[in-house]
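The two complexes that follow have chain A in common; it is paired with chain B in the first and with chain C in the second.
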Partner chain A sequence: MGNHTISPRQFMYLVILFTVGSSILIIPTPTAAMAKQDAWLSVLLPVSAGTLIIWFLSTFGRQLENKTFVEAAIFAFGNWFGRLLSFFYLSFIFILGALVLRNIGDFMTTQIMPDTPLQFTHILFLLVVIFGARQGLEVIGRSSEIFIPWIFLLLFFLFFSISPQINLDNLQPILGGGIKPILSSSLTYLGTPLLEMVIFLMVFPYVKEKKKAGRAWILGALIGGLILTLVTLFSVLVMGSDLTALNAYPSYELAKKINLAGFLEGVEIIVAIIWMLTIFFKLVIIYFACSLGTANFLNMEDYRPLLLPTGMGMVVLSIVAYPDVAYFEAFLGETWFLYALTHGMLLPLIIWAGFMIKRAHTESS
Partner chain B sequence: MRHPLAPHGYVKWTLVWVVMVLTLTGCWSSRELDELGVAVAIGVDKDEDDRYVLSVQIINPSEVASDAPTTRPPVTLYTTTGDTLFQAFRNMTTHSPRKVYVSQLRMVVLGPEIVNEGVTPALDLLYRNHEFRPTFFVTVARDASVSDILSTLTPYERIPAKKLMDSLIDTEENLGITKSVTIDNLIADVRSNGKEAVLPGILMEGDAATGTSTTNVEKVDAPTKLSIDGLSIFRGDQLVGWLKEEESQGYNYATGTVQSTIETFACDNPGTLSVEILRSNASMDAQLRSGKPTITIRVEVEGNVGEVDCVIDLSDDDKMKDINKKTEEVIEKKINAAINVTQEEYASDIFGFGNVIHRNHPAYWKQIKYDWKSHFSELEVKTDVKVKIRRKGKSTQPLQSEG
Partner chain C sequence: MWAIIAILIVAGAIFFMEVPKLKKKKQIKDMWYVIILLALATAATLYESTGMETPNPLDFIQSVYAPIRSWFQN
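Right, the complex of A and B next:
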């Protein structure tokens, strides 16, 4: 796998796609429900605070040099305890992968193909993801370079063509509900996607020029965060906070409302390419990290034989993960932040501390 | 070098083949155009048994697309009932040869029963179901049944729903006595504490039985016609009354939705003068004075002298200023009439004054939010209209002036 390297620029694209993927569907509804017309602030606020988290992760990544997160855990805590910590980390990635897969599946079955069973959407989507992960990181990085202009083009098209329907009154009163609802709803963004960034510690060893790559990580998270802020802002500006909170997929509803000069309408499915592409890349990264981590865990040379079995498990988990969408909404609101906090912040902190002690110990002896 | 676990060539190709056979056998949930009944308008009402009555106007593709039209009507109306709206939609399959497809829906007409009873239960399906785009207009049938309105054939424009939609938009843009309301705007207003909903009305002139036959459109002057009416006033999700044409205009001035219209007033000399309004702009502000809110509506209007039927010296700048002032008075009167009738007769805040207070004084709004309806009727509202007449058309003086 020695020839698997990507450039810092490709890495930044992957971070942007990872940030936007699935969050573009998830973020606006709960933030608008809690923070009302200030929903965009409750995305913008954690974007800036999140820089600190990314800064820590990228510093850790640079200190790891060419070790993946799982290798570092085993190096720092030994064969057994290190593997136990890695198990938590890998299960976090695996569960996240299943949830992201379910997100796009739920979206497709709610909005586009209600008669098609979830399993088929999941299997077909995952087949492409497995193919992508099989090609390796280099191909993933290069294809992100091909697709990122399309994402920006489609986002620009969405914002531009919906702008005649903007009503600035929908934003007022700014801070009308005080700062508290903004703070509590900003946890949503912290949970997904910011704390999920820990997954990139499996990818980071394969990025060239570590110093530049660290900056690319922070910049990518900022750009992705700004895109999500804009999506939330436009949802509230056009529909008002009440309808944004009422809609399961406000960004898609926004696209449905596009009507330029009475003839350009009904183009929502073109805009939906944004989340099909971003979720695809998010899943590929998760998938790559998961199978590579498992290969490290099992001391395997190559991660590729693990791709198909992991996929079978993921499809099953994505179906049984939650019984209905209401369960998921509650799960996202109550459980996910704490789960992501322990695995996205606490776990890397523990491993970082162990790694630094162990490294200092090895160097001195 | 081949990985020891990698499958052999023939195994791989067999797998690919199996997957393709399994997944590419057809299109799941595909619906071809010849299986769709494209609905352009639907009507919703309730009958005596409290069941939903659903009327769906479906395009007859062979009539609309063909170069050699027959005598069959361009649209078909199906009416069913059901305990819920969704039930009624599915009961439609017993009548219609094709499943109703609503993504191209242009207009929903609500019947007199359902608007008196409350529209929220009927709106849920229209917003929840994935096939509906939130871009269609919602209207109210005035003094006629929904199925009568939807079964009337219209001259000039073959599809009645399209005629209604185009007339609605034209009236809104050129006369300003009505306002097009999409479903999401309606839902937002019905759910809002600080604003009540309005909906445009649809009138039928003439005999319903004549309107439903193609003979109606074979005459130069169709005996049965559909036309757009002024605005209805809602309180919560129930219709409580109607605005007169001038009051509807006043409402549109106050909310800044007048694009173009005509204002007429009497000259000093006998006769009238009409002003063509080209654009208008409105803003609302709320002030708190000793704990009581006051709303100020500022309207800016620009226009031309449109039609002069009296003796007046149009080269005199003072006379032009006079026209400005008189137009201002006319507009102010319309706005105040709309405010008075909503405050005194209907106690319904269709202007969204509550939302203005919410925007400008969020803390005060929190105290009175749930008690807003009683506050609204005592609210003091000031109007300030500025009119700028810029030009007077091609003629410099009225035809009646001496040369």
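Right, the complex of A and C next:
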């Protein structure tokens, strides 16, 4: 579809941005609530375990060659059952997109622009995303190259300027609650960025040098995971686990606490650029995958005409998705992991098995 | 009232941005898909704007996974 290809390096940047986007706001609160002072361990642990998931997905992606996930599902399971499976996959992407949009909308309305109705924040943000997705993957990849130094610079600035306020007592006792709360809270990280990585199977066919791209995928997920570990670690180090668990946006609260010699203060909005940019990229990837998948599903020639109608639907879903933050936190804690597990692990496993059998079958005959 | 007018204007704008281009390129099947999707999205938006209780897919997902979840916790 078009001539868009991206390099493995750009792909890695996209994976980093995708991992950090919206998880940077979501992750610290539930992990600190469950694992207390060991919250950072419950992010670090699944980062290493998640390598296995990414390894499977990238191997699958390489075997797919130039087919997208939806095309592979239709190839392996035929027109009807394959489309049914792709429908689940596409609905997963669509719902995730609406939730990510709601994350940034909630952040803007509760912290920065309380008088602006949620709908308008969503519409404005989505318009930029639609514009990005319309430009195609090549432009998305190149703009990620421009913005990634800014993300790292701002993160470095955040960590550096908050470091005088670190209180090491907040971390003790390490493993005080035993290993069990860490394991159960690590499910949050597994569900929120790691199992969502299945979305990249829509992008992977457009990456050059598949072997390098597979490694870039794993490396990108590791770097993104380390960033999230550091953010959680610093939140706990500066504010303590109780305050981190109470705050809706601990990373923003962390930035508010920056105070270098009474001189550099109130720079939280500059730090907030981190998640505006990362959420933008996450949403662009989700959006691209969703409309490209729908175009594959319907056998259309181009995904671009679908962008605007999909956007209308996504704004509505993001508004009705949950009535309040408490509902969202309950959903994230109880159901999201299972939902992401079935769609991010079980579904690709089924399609992978079907694809391998079908491919062996067509090669032998 | 204003919301309904605004939604219809937006839907009309999207219609005139996408559909004539597809018609010109003779992609009639694609054109109908876009029209159907646009109609569905517009209907959902209109329904939501009236303030009626909109069915929430997240409630549905939660009810589907509730038995697995309770089995998981035991």
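Miscellaneous remarks
The definition used in the following text is that the second predicted complex is superposed on the first by the 364 of 365 C-alpha atoms of A that agree within 3 Å, B and C clash if a C-alpha of one lies under 4 Å from a C-alpha of the other, contacts with A are read in each partner's own complex, and residues count from 1 in each chain.
Going forward, a residue touches a chain if its C-beta (ideal position, glycine included) is under 8 Å from a C-beta of that chain, and two chains touch if they have at least 3 such contacts.
Everything numeric in this text was worked out from a predicted model, so none of it was measured.
Contacts of A:Gly266 after superposition: chain B is touched, whereas chain C is not reached. Legend: residue contacts after superposition of the two complexes on their common chain; A:Leu127 is shown touching chain B, with no touch to chain C. Legend: residue contacts after superposition of the two complexes on their common chain; A:Val315 is shown touching chain C, with no touch to chain B.
Touch criterion met: A:Pro305 reaches chain B and chain C at once. Legend: residue contacts after superposition of the two complexes on their common chain; A:Leu338 is shown touching chain C, with no touch to chain B. In the superposition on chain A, A:Ile95 makes contact with chain C only, while chain B stays out of contact range.
Comparing the two complexes, residues 302, 305 of chain A contact chain B in one case and chain C in the other. Residues 91, 95, 294, 298-302, 305-306, 308-310, 312-313, 315-317, 319-322, 331, 334-335, 338-339 of chain A touch chain C in their complex. Against chain A, in their complex, chain B makes its touches with residues 3, 5-6, 19, 23, 28-29, 103, 127, 130, 133-135, 184, 187-188, 191-192, 355, 358-360, 362. Interface residues of chain A facing chain B in the complex, by the touch rule stated above, are 110-116, 120, 124, 127, 169, 172-173, 176-177, 239-240, 242-243, 246, 253, 256-257, 259, 265-266, 268, 302, 304-305. Residue ranges of chain C in contact with chain A, taken from their complex: 10-11, 14, 17-18, 21-22, 27, 29-30, 33-34, 37-38, 40-42, 44-45, 48, 54, 56-58, 61-62, 65, 68-69, 72.
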